[in-house]
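The same chain A turns up in both complexes below, where it pairs with chain B and then with chain C.
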Partner chain A sequence: MAAQPKPLPIFQPNYLEGGGLLGWLTTIDHKRIAVLYMATALVFMAIGGIEAMLIRVQLWEPNNTFLSAGTYNELFTMHGTTMIFLVVMPLLIGFFGNFMIPLHIGARDVAFPRLNALSFWMALVAGITLHLGWIRGGLPDAGWFGYANLTERYFSPTLALDWWVVGLLISGTSTILSAVNFLTTIITMRAPGMSYMRIPMFMWAMMITSILILLAFPPLTVGLIFLLLDRFFGTHFYVATAGATPILWQHLFWLFGHPEVYVMALPGFGIISEVLPAFSRKPLFGYPMMAYSIVLIAFLSYGVWGHHMFATGMGPVADSAFAITSMLIAIPTGIKVFSWIATVWGGSLRMTTAFYFALAMVLEFTIGGLSGVMHASAPVDLQQTDSYFVVAHFHYVLFGGVMFAILAGFYYWWPKVTGRLFSESIGKWHFWLTVIGFNVTFFPMHFLGMWGMPRRIYTYAPDLGWTGLNQLETVGAFVLGVAFLLFYINIYWSLRYGEKAPADPWDGRSLEWSVASPPPVYNFALLPNVRGRDAWWILKYGRAGSRGVAAYVAGQPPKPPEPEAPVDLSHVHMPPPSIFPLVVSLGVGLMGLGLIVGWYRIILIGGIVTIMSIIGMGFEYKDYGQAVHDPEHAPSSGGIDVRKVGVWCFLGSECVFFASLISTFIVYKSRSIGAPGAEILEIPLTSFSTFILLMSSLLMVLALAATQRGDKVWERIWLAGTVFFGLIFLSGQAYEFTHFYHEGMGYTTNLFSQSFYTLVGFHGAHVAIGVLWLSVLLVAAITGRLGKSRALSIELAGLYWHFVDVVWIVIFTLVYLMQTVHGA
Partner chain B sequence: MRASRFSLLALVSALASIVAGCEQSAQLPMTTLAPKSDLGEAIHHLFLEVTAWDALIFVIVIVAFTLAVFVFSTRAGEAAPPSQASSDLTLEVAWTVGPALVLLMISIPTVRTIFRSQPEVAPKGSLEIKVVAHQWWWEFDYPDGHKTANEMHIPTGQPIRLRLESADIIHSFWVPALGGKRDVVPGQINHLTFIANTPGDYPGQCAEFCGLSHANMRFRVFVQTPDDFAMWQKEQLAGPATPLPNDQLAVQGAQYFATSPCTACHTVEGVSKGYIGPNLTHFGSRTTLAAGVLKNDPADVAAWITDPQKIKPGAYMPALVLPGPKLNALVAYLESLK
Partner chain C sequence: MSDAAEAHIEQVHHPGATTYLIVAAFLVVLTAMEVTVFYVHALRPVLVPLLLILSAAKFALVAMFYMHLRYDGTLVSGIFIFPLAIATFLLITLVLLFGYLSHHLAPIINLGGG
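Right after this comes the complex of A and B.
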């Protein structure tokens, strides 16, 4: 059973070959999708880098007129937005995550391959949308953080920010879908024996990152939806004169934004935790502590968003609380840095470019971490925030930490991805120029910040003493530019002339090195049987490892274990390609485009395309869910069905979505100006519809029970009942809304009305989707397509339905009931 | 522990004084490292303390890293196989507890400074000035009724309580020499409290991105001795200077100004009541123009009136195309408003 097959020549030699252009457009192979992510991110990285260099040219001298104020603002906005949403996240999550998750845990693909393709195409549509301002309206120019109320239509009248809002909404959705997918994959598709304490540290990072995304992106989505409503439909979510506060945006944005820092940092930490052991020929030091520190960082990252807002006047109590939680994050981060050093200590080091980048990351990131401790001290931060000191800090974290980790990952995994080796000599040049260029560009920014230079200024006066360091930084930026040019040259060189890579060029430790470079479509002919951490290392050298290593040091490369018998590949069953993910994304893109330019027919066409292709996806191929599973193993390593875990992950994210809407309602109802207010709400009517909705949950339970015992008659009756009760609830809501409207409560009347309609409306939309979902199941039940074997379909719909009901109970309590208590 | 802490503090202050030395030779009027108020000093002190702890940790990391990479490791193929050890409880506890203690040492003065620097009510005897941020200029309203723009005068030794309000979007008030930033948020009133201790002329700038001309939203704070301040205030409280009869140009300018479109937005006490743009009653007494971007001299004033957008992109002041003599008269009048 310990058979670890060497690569087998079968129907497709490797994942890169065959299929032509259509093959790439319709691919649902996680490795191809990863390569697509990488290719687009490399294009956007070039754009973002050029933007940065233009910024540096403008700051070369005081009162420079190389760029106009408007262009400069567009450039720094797009540099930030591009690097975060279109470069770093796609590379870490879309490329490394996608490629490595199945290979690291010993699976054939991710849990939901078509969803994975959908994530990529939506990310691409988002990236293009963000750049459409070139054609009309101008590029977004309010900063990547887009602080309200500068972003209101009154202050930013062009289409620029519309592209930004819609682009980020699409990008966020794509990221959430990826997170659902990856979290489900790691929970349910680990190979036999691959327990949580045996998965590579990069998998811990990806698992926790996925959780971070699920819980952190909804506040951004809600913030963007409010902005969209303000800009297009005349609400006043961020308008102070209506009683609202623009600070709401900052809370929502940083509630997303700080976890987002760790969404970028944790996968970077994960990569370093793979690269350092591999080239030190030692196991990762302190594996359990490393895993727990990732969890702890993620947990703490939800409690620190206020440290971006020390200057907004939150008051001394909030300032102190956020200062202390922010400092606490330094503890698990310190554990990581010291454990990395301990990993290298006593190792037998192989000084490759990948290892260079990983080692440099440890030091550069430490500098960024330490200046972060300064910002955590709120009074100190008041001098440093929004100055170049902060620019230095986060570039040491995001470039010195994350980008160095990405480059380490590139040099480490490139042979596996492409089957070719990089040129080590170009690589070393790339490394040293990057280190020099990076430090020359960003270290002086600490001093410029301390000398009072604010961020985001396109020009400065000559008598402030800032000129010299700015010129030094610009020189550094161009050195960095040359370094990255070398990187692109190395990519070209490698693809064109690079030496063919063996399966295991670095004498690696984890399972990806056990398969061919590039891997076959199905990854593993036989799913590996994992007997410990560093699964591949143990297979090569045995558990203790040292004897095998001794042989290696003596000059005998390890002999990969031979398969015990020829592997039968007939059971390997990979799902067929699908065009629908691409079509759905196009539909979504059309809807966004139509909304922004005001061609409502295009919205309609986009909507029809989206809905039709989602339905098409549903009927395309019924076994997608099971296809990538190996029938000889249990369907799920977590013991729960893959789709169920997926729905749970999604619902977790939805909780935060509704929590954000509900909190906004509670804050804004007390700030609302003029009538109508809570007194308009009618408790008796709503109590009745609440009762109906609760009863529908009961019917849902009965329907599932009927299905599970194979009772086709009652299955149909209870399902029909659930749908009927759902419809009654919706009618009640429709009646309530029309009634309010006639009483004079329009959508944009005041803060109360707009936050009420938005919250209750989004819930109503969820109920409507549930009713649709259940109706489809009802049709399936009537036509006899359901039944005992497919009870899971009903269970999944039921999960969603119960969740929507629970949300309603919370809304009913907080919006309707508590209102009357206080309003008396 | 204490001794090492002090030696580190000494090391850091040595480094800081080198930096400060560079600073004096290079003239850094906006530096945060030479605080001129009690708030600035409290922050600076805390900054040095945190920096000292950071330096300690950084030295430890550097030493450990250097030993790990260059001393206690071999190169591939050189020697015996590496140890496969992967944990050490004592070490792991040490590098968890150690940083935690350091953070405790940082957090205590941090919280103390937070509470000391944000008094809920104005200290006794404080001068309360209302600061209104506009896209892209600053308005300063003094309690006895006079207003100025882009140049704030305050006395040394008296607590200053700034009441920060915004006329449009979020800005941030920052005078590095006088202490940290405080955001200016529409619909919310923020305060900044400090005592300036050294007379001087300190530049400030908006620190929160506020649109097209964010970089051009500068201002100056003149810290004066109480006597000088009292004198300045007396001048400000007086009405605007009327041009001397022998200053023909200024007299013409005054006549023109009274009927010009300028009056729609600008106030000159007794002459006009516009409120969209800066109050010009004592325009001639200011050293700068256009939120600290230009010097207040006739050539710059003329250039500003003729094409404000060229100097400050997006500025709401419309360009005023005037024939030369009229422009000169207007400038002469404005400059006469001492």
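Right after this comes the complex of A and C.
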């Protein structure tokens, strides 16, 4: 039965109340989803932390036999994978991002609430999948970077790496969906008056982080797909004896991996940029420069991946280029550090735990940043590669920078999330033990690295002089363990005994502090009208931030906001809960499980569940989701619909996905050994297919035009024509593949065949999805569910269809018509 | 969203069937030119630039007219063109990096590339 948003009753409880277990399983409220992310990440953080302490126990003394070499490899692999994919990203993006984005920009939810829930459930499925090796097949042991060809079936014959590959593919998909959602939300759903130069700095960070995710995750997805194909279907994408190169994995991985550092760091920067002004009672220093530096960091981060690969021998030109870009990125980062210091300078400071963590983050991150600049120099980096110096560096960035920011965010926003205050005294103990434990653990690693201790070794000889510092580090790790135990105790204490938090316990500056703690389901009864940066501060103290500080310091009470009168909520429409996101995720999980353990019926069942529940989501609301979007919410996107912006964001990410596939094809075409090669490709057949696909695009726009003018007959005819032409294209591809197979070009015959089939096959899969999508719309049109007012549904499907068309235009040229060109 | 609100948002004017048909004709002609370029041996020295130009023209026509980038404003253009530029950068860089490896280092480290 189609559910419909209903006007809310006058009284609404806060978002945490009511619903029971089913309410949490079917929730699409961004705040509840944020809490689900947080709870999941805290569990994984405990697991990852215990793994780290076991690593440190093993390194306590030379020739230690506490752990075997294999178990040690599993532990450092899972520690890195868990902390990055299941702790830091879920906390920063899933928890803080989810909770704060709508509250910061004055919206009632994210742009796509059900997609948001789907992202969470898929992330949970990914986390469970990554840990299923405990039950069967063992844990992955090739490092969080999974360097080829350690990950090939020949070197890792168990299921361990299979769990890793499938888990990361699901996790990556979930993250991309979140990025589409958040980017669309920030672009289109800002409150009236909230221009880009008025959004909180955390929003700048989340917006640019979302863009980074959309551009950086597809290369990892492609790299993982190649690995999956190697392990399950016998291809040789990373097997040197087949002419391939394991270096391809490094490029694809670090094309993701270095922007990923900023995917983690930028939200941390955003959090610090909220916490420091709040507790300094000053506006953020240099707001425009802070915003531009985030943009510049993100832009540059896409061109620095090669500094992870200096040791692979890329050559002096590439090394120099990557060294320059890596050094350049220090400039915008430096701007941020100086702006934070200037923000605090001269402020009226309140020394809360959140402020402590934020200040410490600036210091610890700067240390990590400085050692990072050293890595930008290729000759220096060659000395430090694979040594403990690198371990020290990235822990100063990811723990000293990012985890300290996360903890600052926890102490800052916890009252808003839970309606309870943390214990400041436990918090201070937590802080000091974290600072001491962190520096005692990681600072000596600089020296060990310079003395030549390699990373990833499970033990060392007694006469190397490394024992003392290793023991010091192990002590530090346990101090850190105690610190985090206190953090968990503080969470429990706060939820059980914590003082109830007022709406604005820190005298905050941004809009989240204008609503109750915890916020009501709908966030804002009336959408705020933003009059400047630091929107809530201006409401309290008047327009000029400095005057606000002066008033506060002089002991003048802040201008109280308007008292909360009973508000008629009949105009507020919130989307109803949905079970489909959970079911889709279960279907995806079943497919992954079936693939890994070889239960092909499970794959089939998972596939059917996934497809049917996606279609179910499409028809869940009678108006295909249009009513989900708040009618009173004036779009901040210049008149472009929210869903259209979302589709465009996704297509932008798809550009990078196909670029990764196409570049692999071009590279491997030249390296392929033996026949057949590109000469097997047939231009007449493919020219016909190209013509068919181009004409299908024509029919698609004609269908849209017919729908827009209310011509139902031609709407159905053109839609049916598009589906038919799509099917002809797919038939042509099936014929082509069959023909090649009979000519002796199997999927795994050589590098050319596998990269060709993979590229063209993925395009074909996109066409097939498009045909399915259009078929569903055709059925809707025939049954009278489309029409002029639903033209956007046709337009969105059309955008996807035309994108598939333009990708084919590129493939036709680069793969087929340039078959005789060997550039790489 | 109500129909009225929907109509408020979707005020952007899209072209009619005539424009779509003219674009389709251009696409067919450009595809024919591509195939011709492929078969004319005399054009081999300029095969790559010619094909890239023709392909880019087709890409632009579909993106601008069928995907309505020409009509939907700078926001969606930016959302699409920036990733497209990044994707192009990625493609060129990877090909160059591997080309450099294959051509300059293969004799030294016997990568076997061509």
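Following the convention adopted for this analysis, the second predicted complex is superposed on the first by the 777 of 824 C-alpha atoms of A that agree within 3 Å, B and C clash if a C-alpha of one lies under 4 Å from a C-alpha of the other, contacts with A are read in each partner's own complex, and residues count from 1 in each chain.
Rule of thumb we're sticking to: a contact is a pair of C-beta atoms (placed from the backbone, for glycine too) under 8 Å apart; a residue touches a chain by one contact, two chains touch by 3 or more.
The model shown is predicted, which means the values in this text are computed figures rather than measured ones.
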item: Touching partner for A:Q708 - first (chain B), second (chain C), both, neither; value: second
item: Partner chain in contact with A:G315 - chain B first, chain C second, else both or neither; value: both
item: Touching partner for A:T245 - first (chain B), second (chain C), both, neither; value: both
item: First, second, both or neither for A:I662, with chain B first and chain C second; value: second
item: First, second, both or neither for A:R456, with chain B first and chain C second; value: first
item: Which superposed partner A:M327 touches (first chain B, second chain C, both, neither); value: first
item: First (chain B), second (chain C), both or neither touched by A:M374; value: first
item: Touched partner set for A:R601, first chain B, second chain C, both or neither; value: neither
item: Contacts on chain A seen with chain B and repeated with chain C across the two complexes; value: 243, 245, 247, 313, 315
item: Chain C-touching residues of chain A, taken from the complex the two chains share; value: 187, 211, 214-215, 219, 243, 245, 247-248, 251, 255, 302-303, 306, 313-315, 317-318, 623, 626-627, 629, 631, 635, 637-641, 644-645, 648-649, 651-653, 655-656, 658-660, 662-664, 666-667, 670-671, 673, 683, 687, 690-691, 694-695, 697-698, 700-702, 704-705, 708, 789, 791-792, 795, 798-799, 802-803, 805-806, 809-810, 812-814, 817-818, 820-824
item: Touch list for chain B against partner chain A, complex; value: 19, 23, 26-33, 42-43, 46-47, 50-51, 53-54, 57-58, 61-62, 64-65, 67-69, 72-88, 91-92, 95-96, 99-100, 103, 106-107, 110-111, 113-115, 117-118, 135, 168-170, 172, 174, 176, 179-183, 185-188, 190-191, 203, 205-216, 218, 293, 313-314
item: Touch list for chain A against partner chain B, complex; value: 68-70, 73, 142-143, 147-150, 155-156, 240-241, 243-247, 280-289, 311-313, 315-316, 319-320, 323-324, 327-328, 330-331, 334-335, 337-339, 341-342, 344-351, 359, 362-363, 366-367, 370-371, 373-374, 376-387, 447, 450-461, 463-465, 468, 544-546, 549-550, 552-553, 555
item: Of all residues in chain C, those that touch chain A in their complex; value: 1-3, 5-7, 9-12, 14, 16-17, 20-21, 23-24, 27-28, 31, 34-35, 37-39, 44, 47-48, 51-52, 54-55, 58-59, 62-63, 65-68, 72-73, 75-76, 79-80, 82-84, 86-91, 94-95, 97-102, 104-105, 109, 111-114
